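Take a look at the structures below.
Two complexes, one shared chain (subunit A), two partners (subunit B, subunit C).
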Partner chain A sequence: MEDMIFYDRLQFAFTITFHYIFPQLTMGLSLLIVYFKWKYLRNKIEKYNDAAKFFMKIFAINFTMGVVTGIPMEFQFGTNWAKFSELTGGIIGQTLAMEGLFSFFLESSFLALFIFGEKLMGQKLHLLTGFLVFLGSWASGWFILATNAWMQHPVGYEILDNGKFVLENFSALFGNPWLLPAFLHNQLASVVTSSFVVASIGAFYILRNKQIEYGKLFLKTGVIFGLISSILVAFPTGDWNAKNVAKYQPAAFAAMEGIFETENAGAEIVLIGQPNMVEKKLDNKIAVPNVLSFLTYQKWDKQIIGMDKFEKEELPDNIPALYYSYHIMVGLGTIFMAIMALAAFLLWRKKLYKSKALLWAIMFLVPFPYIANLTGWYTAELGRQPYLVYGLLRTTEGVSPTVSSGNTLFTLLGFVALYMLLGLLFLVLVGKTINQGPKHQTH
Partner chain B sequence: METFWFIAIAIILAVFFILDGYDFGTGIIHLFFAKTEKDKEVIAKSAGLFWDSNEVWLVAAGGLLFMAFPTFYASVFSGFYLPLIIVLWLIIFRAIGLEFRGQFHFQMWKDIWDKSFGVSSLLLALFFGIALGNIVRGVNLGGVEDGVSVYEGHYFFLPLWNSSFSPLSEHPGIIDWFTIIIGLISVVTLAIHGANWIILKTNSSINSNLKNIIFKLNITLAALTIFSLIVWQMVNPNSLDNFIQKPYLMVFPLIYLTGLIGLFFIKKLKKDIHGFALSTLLILGGITSSLASMFPVILPSVNSVNEPLTIYNTASSEYGLSVALTWGIVGFILIIIYFIVQKRLRGGKVDHMDYGH
Partner chain C sequence: MTGTLISLISILIGIIAANGLGFLIKKYSFGVIGNTIAGVFGSILFIKIFGRLGFNPWSIMNNGDFDGFLLLLNLVVSGIGGALGLILAKMMYHKFNKP
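Let's look at the complex of A and B:
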């Protein structure tokens, strides 16, 4: 049974990690595409239109990857987490089905129209189709976050005698206090990723000295969007989420902040340190006193409950992973803000395009916003452990009763192999598109 | 309310098989009949331009099934664990073939991607047919051994096959001679459908020959259909009860029959779209007839210990289903609008269309 749950979790973690490489770009990128297209309609400078079309090509590759890696996610609810699906399908089935109905169709239909239909539709309708693609991809994020919010903080349900969760109040699913902060945080984080991607392609064009006009446009746009979004992703939305965790999942909060012992005074904020699970303390710790209490409750000396006050069964089952995920996310987020602020400053001083070192840095930083997004999700998901539905349904109670661990291990290995091939395809396609650049419009 | 959602999901599934069916079928035709590079390219393109928007229907069907009949979703997806995961892999593998083929200029690589597209299309058609065969045949619900359930009564787990290969054994596997027959029907049907799609959407040099191929495939299909009806009686003696008790359900087999008979006149049809419409009727009629024969059962039990799964014992709460009805209607209307807009702007032959990426 232990093996079973381990492989089921590993397979879900692996496939969702790979999947989320793609939607996190498309959600943010669609916003930038709409911006480029809208700018073009206002200033009629051709390169803005080229930029919109170029990034829609990259969007399309990512969307395709998102579809083929997304179907396994939906299937796995049934294949590997049958008991969970049976018990909660009446609730999270609502939000997942709404995603299919309201966002995928919108996104896929208008994506095709955006790519094929510019000449047929004219510019205003073309902008509209771009906007609808944006709307579809953000709606998708909204419904997935609504699903996850319910698992993090269940609302609007009733539990029957047979253990089934039944929907009692549909609108509560969308009024969930967990949802809005998580949604905004997630969407802004995806804007950070896409800003970095746009800026780094720009830096690449400038550094290799080809299609420089596009390079400058991409870099400028990426830096401006990147600065705004990397600030907003921390304050207010990241802060808001942390407060929600402290309020609704105090055990997870203590674990992710690395608070092993409850202090009588205000709690320190840990910047660096390694959880030592044997001695229940942080090794090599660097911390600032009282700041965590202030950030969480706006009171310097407010007590924060540490892990010592919770039963073992209530604490997340992998505390180091949770702690590291959270700190990697926060640390990277801070670096993004610094880099983007510096780049924006140099842009304002008109020195950015000549700052070789910074251009190289921006170009090679591109994997890191992906890592920050993924570790953010790991924080949410590891923090929810040992529950599937927080406080109500344990992870051990959700797996398929008839699927053996050997089967899951086999399929996990199969996914790993196939996704390596798929990842290669993705890199070839995106690499080719970037290499050709926006000037190269195929006919 | 359960019935409404059953019908709605059945329609969406049928639409998925009609739409993604033509690109599976295109793959099958591509594998066996496309010879010149130009034909191969244009035929692959007639699937490659559309497959991803077609697969959105699978996501929608899955989501709605999960919402409306969660117990069925849980039972069937975990019970058919291996074949479903294999289907996922095939879907991904097919996508890799389709998207990679245009990226390399060496013939050897093109051949490899062509084969991965063709073979995975063929296997998908076969597997989806086998899946339908399993659903109408029924499974050993509860994993009954010697009259005792090993699992809860609505769970099961099927091996890929067992030594007897027989649907009549106590523990039928996923692949047996009955489900293989249904699988073959699916392959032939989708090959016909794909051929019609190629005729409709391309100017490939094999178009005139394809009508001959459709004609021959249709003879095979008619023979397989008759044969399957006979063995279906053996596997499930009650398979005609619903049609006898509710004669209006006969409309579904009649839809299938119209398609089947119509396709014998494929060479005389004036418009390409008519051929495509007839094979659409085949798929629609095939799926709806199978479901109608079981209704309200959605997964029969081959043992007498556990009840079959029906739309009633697997459904969500009444409140959940009726809330979903409200947003569902809005959603369906929107989808129909997108569909019309899209068809208007993306009609015509694909020979000179661009991939866009």
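Let's look at the complex of A and C:
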């Protein structure tokens, strides 16, 4: 049984990690595409329109890859996690179906219109189609996060005699206090990723001394959007999320912050340290006293419950992974703010385009917002353990009893091989698009 | 999950077919990027529609049995779907961009 759960979780973690590379870019990029198109309508400078069409091409490649890698996700609910689907289908089935019916179709239909229909529709309608693509992709995020928010903090449900969950209050599902902060945090994090992608393509063009005009536009736009979004992702949305975790999942909060023992006179914030699970302490830690209590409750001496006050069965089952995921996310977020603030300062001083070291740094930082987004999701998912539905349904109770670990391992290896092919294809297609640049707008 | 694996293989076949058609008949080509996108959606559309006739990825490995003929049929339909997806996309493009 333990083997089965391990392989089912591993397969889900692998497929969702690979899948989330794509939507995290499309959600943020759709906002920047609308911005470029809107700027074009305002000032009629052709390069803004070229930029919108160029990034819609990159959007389309990512969207397609997202669709392909999303297929295994929906099936895994029915195959590897059949018990979970059977018990909670009355609730999560609604939000997931809405995601497919409303958001996906909105996004895909208007994506085709945006790519093909500029000449036929005219510029204002072209902007509208871009906006609807943006709306579809953000609505998609909303419905997925509504599903996840219910798993993190279940509301508006009733449990029947047969153990099945049914929706008792529809508005509670979308008014879940977990949902809005999680949605805003997630969407802004995806804007950070796309800002870095846009800025790095700009830096690449400038460093290569090709398509300089576009390079400057991309870099400037990426830096401005990147600075604003990387600040907002930390405060207020990140802060709001952390307070929710402290309130609704105190065991997860203690684990992700590395608080092994309850400190009555205010808890310290750990900057660096390694969880020692044998001695139940952090090794080599650097911490600032009382700051965690202040950030969480705005009181320097407020007590924060440590892991010592929880039963072992209530604590997340992989505390080091949770702790590191959270600290990597926070650490990278801080670096993004610093880099983007420096870039914005140099932009203001008109020195950015000549600062080669910073241009190289921006270009090579591209993988890191992806890592920050993924570790953010790992934090949420590892923190929810050992539950699938927090406090109500354990992970061990949601797994399919009939799918063997050998079967899951076999298909996992198949996914690894296929995703390597897809990943290679993705890199070739995106590389080709960037190499061609926005000046070659052919369909 | 084997059905899902076969679905992904079907999509890859769709991509290859669309790019193959684009390579052989240039007037249908959108370039590698466009052909790939059209191939993905064409193969998904065709498998979703015609898979109902009994050769969808889930009936290929039913109850531990493997049906090679159904797999072949599935791959052929995916390939046709990818190629037709490209033709449909090109028709749509011409319709939208009439001079």
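Rule of thumb we're sticking to: the second predicted complex is superposed on the first by the 442 of 443 C-alpha atoms of A that agree within 3 Å, B and C clash if a C-alpha of one lies under 4 Å from a C-alpha of the other, contacts with A are read in each partner's own complex, and residues count from 1 in each chain.
Here is the rule we use: a residue touches a chain if its C-beta (ideal position, glycine included) is under 8 Å from a C-beta of that chain, and two chains touch if they have at least 3 such contacts.
Note that the coordinates shown come from a computational prediction; the quantities given were computed from them, not determined experimentally.
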Superposed partners subunit B and subunit C on subunit A - clash or fit: clash
Contacts of A:Lys119 with subunit B and subunit C, given as first, second, both or neither: second
Which of subunit B and subunit C A:Thr433 touches, first, second, both or neither: both
First (subunit B), second (subunit C), both or neither touched by A:Glu168: first
Subunit B versus subunit C as contact partner of A:Ala252, first or second or both or neither: neither
Which partner, subunit B or subunit C, touches more subunit A residues: B
Touched partner set for A:Leu96, first subunit B, second subunit C, both or neither: first
First (subunit B), second (subunit C), both or neither touched by A:Ile339: neither
Which superposed partner A:Val67 touches (first subunit B, second subunit C, both, neither): both
Subunit B versus subunit C as contact partner of A:Leu106, first or second or both or neither: first
Subunit C-contacting residues of subunit A that also contact subunit B: 57, 60-61, 64, 67-68, 71-72, 75, 79-80, 112, 116-117, 120, 403, 407, 411, 414-415, 418, 421-422, 425, 428-429, 432-433, 442-443
List of subunit A residues in touch with subunit C within their complex: 11, 57, 60-61, 64, 67-68, 71-72, 75-76, 79-80, 112, 116-117, 119-120, 403, 407-408, 410-411, 414-415, 418, 421-422, 425, 428-429, 432-433, 442-443
Contact set on subunit C toward subunit A in their complex: 1-5, 7-9, 11-12, 15, 30-34, 36-37, 40-41, 44, 92-93, 96-98
Parts of subunit B lying in touch with subunit A, wherever the complex brings them together: 52-53, 55-56, 58-60, 62-64, 66-68, 70-71, 73-79, 81-82, 84-85, 88-89, 91-93, 95-96, 99-100, 103, 143, 151-152, 155-157, 316-317, 319-320, 323-324, 327-328, 331-332, 334-335, 338-339, 341-342, 345-346, 353-357
Residues on subunit A engaged by subunit B in the complex (per definition of touch): 57-58, 60-61, 63-64, 67-72, 74-75, 77-80, 82-83, 85-91, 93-94, 96-102, 104-106, 108-110, 112-113, 115-117, 120-121, 166-168, 170, 400-403, 407, 411, 414-415, 418, 421-422, 425, 428-429, 432-433, 442-443
